[in-house]
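Heads up, there are several structures right after this.
In the two assemblies presented below, chain A is common to both, partnered first by chain B and then by chain C.
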Partner chain A sequence: MRADTEQEILKTELWWTALVIAIVTAIMLAIIYAGVVHHINPPSNIETIDPKTLHLTGEFTESNLGTRVEAGDQVTSRVVATQFAFQPQCIVVPSNRTVTLRFATPDVIHGILVTGTNVNTMIIPGYVSQVHTVFTKTGDLLMPCHEFCGLGHSQMWATVRVVPEDQFRPGPDGRASCDAR
Partner chain B sequence: MGERAVTHARRLTLAHLWVAFAAFAVAAVLGVWQMWARSPLPAPYLTAESYFTSVTAHGVSMAYVLTTFMVMGFGYYVAETALGRPLPLPRFAWLGFWLGIIGSAMTAVTIFAGNATVLFTFYPPLTASPFFYIGLVLVVVGSWIWCGLMLWAMLDFKRANPGVPVPLAMFATVANAVLWLWTTVGVAAELLFQIIPAAFGWNESVDVGLSRTLFSWTLHAIVYFWLLPAYIAFYTMAPQAAGGRLYSDTMGRLTFILFLIYSLPVGMHHLFMDPQQSSAFKFLQMSFTALVAAPTLLTVFTISASLEIAGRLRGGKGYFGWIAALPWERPMVLATGMAFFMLWFGGGGGLINMSFGMNAMVHNTSWVTAHFHLIFGGTVVIMYFAIAYAIWPTLTNRLPMSPRLQRLQLWLWFIGMMVMTLPWHYLGLQGQWRRVATFNYSDPIIAGWGPWVIVSLVGGIILLASALLFVWNLLQFHSARAVVATDLRPIYALAVHPPERVPAALNGFALWNVLVLVLMVAAYGYPIAQFFIIDAPEAIVHRVNGRG
Partner chain C sequence: MALTPHPDLSSQVPPRTDDAIDDAALERVMREVPSGALALSLLTVGLLLLAWFLMYAFVFLPRGMVG
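Showing the complex of A and B:
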């Protein structure tokens, strides 16, 4: 490294700065590419819901939870996260089909991930969290609560049962559950 | 020069650093127990309550007490030694110290009484005893006094030495003080307007989206507040310890300015997986996050070039010969090498965390915990050790010890960190989630994780041994033979071409504060305002007081 004059030092530093800018630009482009091409985008739907009343009216009442095939063959699963259990404790979904997961909570902050997949979201009181995904592996996957929500946090998990498409048989009302499929 | 008096600043530094390292040692013990609890091996005293009490205490001690006291104590030292003037208003500095002590004690008591199992991030609507938060506020107020004193000391120096550049070590310290004032705005607003009123029972509900957004304002910049002492050591102490010079003083100034600017408008990358913020602002803040890589890359270059100069002065030849010629037996040089090594791993992991989509793979998994142990517990804390070893002889006027045990301690920390964090990263990729007291190892998915958690535990035990050896090494200094101050080599490096004058923009922060303000309004203005516009529904406060 030459360092005899200030000019020399400045020149070397400027070269290095240019390289740094190139590296940072490359990283940005890679991230944008991944986001656009693979549709990897975080859950950002900003959809509010009142935590005090969500169990009384609307889509997160008990009878409406779990998996349901809706208009346009859209598979949607609704789950409520409470201290310290999910409702329902198990959801069934078909493999290789777009599934929409919707979460809400009446109490504190929770979060979920599904092991072996990219499904991940926070569950914030006041908001509905929504994730679209396609499950490719079949079997029982673990869906733990991944944000500290109180002393029972370690015991809070649910199961995602991914079944082959032809074994996914919703009832006449479009609902499917882990017990009777 | 005869025997140097132990001045105010030195006594202040000693007091602050001993508090920092005492908290660190206690937290290290808790850390190992936590790792044991999470493993398949049966751990003593384990209940959900004891685990989360321990994690709260470990997080608060490591992230708030160790760091804040370290930054403050080191700052007082730099203000006196780099500026060559007595510290102004030492009484206020002691006031800040005692506020920090009272605050830390208050917080510790509420945690160990079981009234604050909310972890160091205290996400509402979970709320602890109000005294937990008030204690933390006192620590922050103490650190604000420190910020004021650092600014004051710099302005005093400028007034007395018109046109003379502020020495780089002090310039960087003041950059950190300014950064900290900006950083604490978010969490202070959250605590004062939302959480403390809720904890006292004056509010029954709280806007959680708003509180998370305010906390995110603080959450990234605070990491740079912890990190900057390490960078100050890279720029000003490592080249000197290696027997060389700093390659470029200007680059140093630019780096610290870039840290000030780009560590603030980026906190929303902690909210990538949150439903209350839009993709647009997440994307904007992610772009700023990418820019924060710049000052780190500049540092890697400038410090490598400075060490190369030292290596060649010592007779190193060829492309890599200078590396072998460096005085690796000196703790500061050894620690710098290890810190850089861990920075490569940690920085690579950081790139994954910050990228929009890939974050979904790792958010709230053990990957994250492993990542910040590597970069914060590794890179940063190993430099805290090196700084302590470098300044302790001048603090106590005692002969430096043989550095053998110091080197052993640094090696143990480095190896322990690798052994602990590499499997921990891997477990995160497998989906192991964080903040769990006990895993259900009878589950077939979880069973396979057991052996790797045990390897991490071994790493933790090595780290604990290193932590205890560190405290032992510092104690040794206090009983060593006294020396005259002339035996103590100066610790700050000169630049290859020391600056005679620098532009005002590189000698102060007025301009940069304006820029930070503009960026913060752009990055956080609407994301905070939206909660008042959309009238977000609030969540009911959940108090954790009293074993429940």
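Showing the complex of A and C:
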């Protein structure tokens, strides 16, 4: 091969390398922009819990599941993911308010997403998964398990009922459920 | 079972031709190939990047905060 042809090929390869570096940089900047300006970050809560006793003591006992307005007007929903159901199967949350979703599982790895939102997390035995978000649209949103967890995986889904803030009326104990509506 | 003898591959090798002609053809091709590869790469990567940014701008960002 002639030297000038070889030089041309080398020039093209260097040009392409520079372009790829520019593309990766642009994507990284877009991700940083989404995180810093729009507060869109991957859930990064690290909190352990004993999967063998989570239903017996602590915040994931049956009576404490669902949505609750806590100190500082903080809306928190607690859900247990088991093979092959969510407990409770429906949670009600207000729109345009910061909501904290907390999940735990006593059995295998599950995962959730809430359709039409950026809520998406894994639920791993031994850990509490936590997601903060603001639901801007009202209505019933599907929340399926998105991590294959066994033969009944396709039957495992729940509903997130987003209601206008003025229609979100928790009881005297601060609890709100889909049944009460 | 009797084994069939391996064919003599040397009989299938084309006879040597004049290298000067082949080199000239190679040079011509090597001048064209990078341009074509570059055009194809730009098109495919450009479309992929466009799809990524459209999803980012019109689906991901409007869905709002999460963390």
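Worth a mention:
Assume the second predicted complex is superposed on the first by the 175 of 181 C-alpha atoms of A that agree within 3 Å, B and C clash if a C-alpha of one lies under 4 Å from a C-alpha of the other, contacts with A are read in each partner's own complex, and residues count from 1 in each chain.
One rule holds for everything that comes next: a contact is a pair of C-beta atoms (placed from the backbone, for glycine too) under 8 Å apart; a residue touches a chain by one contact, two chains touch by 3 or more.
Just so it is clear, the model here is predicted, and its values are computed rather than measured.
Put chain B and chain C next to each other and count what each touches on chain A; the higher total goes to B. Once chain A of one complex is fitted onto chain A of the other, the partner contacts of A:G116 extend to both chain B and chain C.
Within the superposed three-chain model, A:I27 lies in touch with chain B and with chain C [touch as defined at top].
When both complexes are overlaid on chain A, the residue A:I9 reaches chain B and chain C alike.
When the two complexes are overlaid on their common chain A, residue A:T136 makes contact with chain C while staying clear of chain B. Chain A residues 1, 5, 9, 12, 16, 23, 27, 30, 34, 38, 40-44, 116, 118-120 lie at the interface with chain B in one structure and with chain C in the other.
Looking at the complex, you find that chain A touches chain B at residues 1, 3, 5-6, 9-10, 12-13, 16-17, 20-21, 23-24, 27-28, 30-31, 34-35, 38, 40-52, 83, 107-109, 111, 113-116, 118-130, 142, 144-154.
Remark: chain B residues 48-49, 51-52, 117-119, 123, 125-126, 207-209, 212, 247-248, 250-251, 271-279, 282, 286-287, 290-291, 293-294, 297-298, 301-302, 305, 308-309, 351, 355-361, 363-365, 430-431, 433-439, 443, 445-446, 496-497, 530, 534, 536-540, 542, 544, 548 touch chain A in the complex. Only residues 1-2, 5, 8-9, 12, 16, 23, 27, 30, 34, 38-44, 116-120, 131-134, 136 of chain A touch chain C when the two sit together in their complex.
Across the complex, chain A is touched by residues 26-27, 30-31, 34, 38, 41, 45, 49, 52-53, 56, 60-61, 63-67 of chain C.
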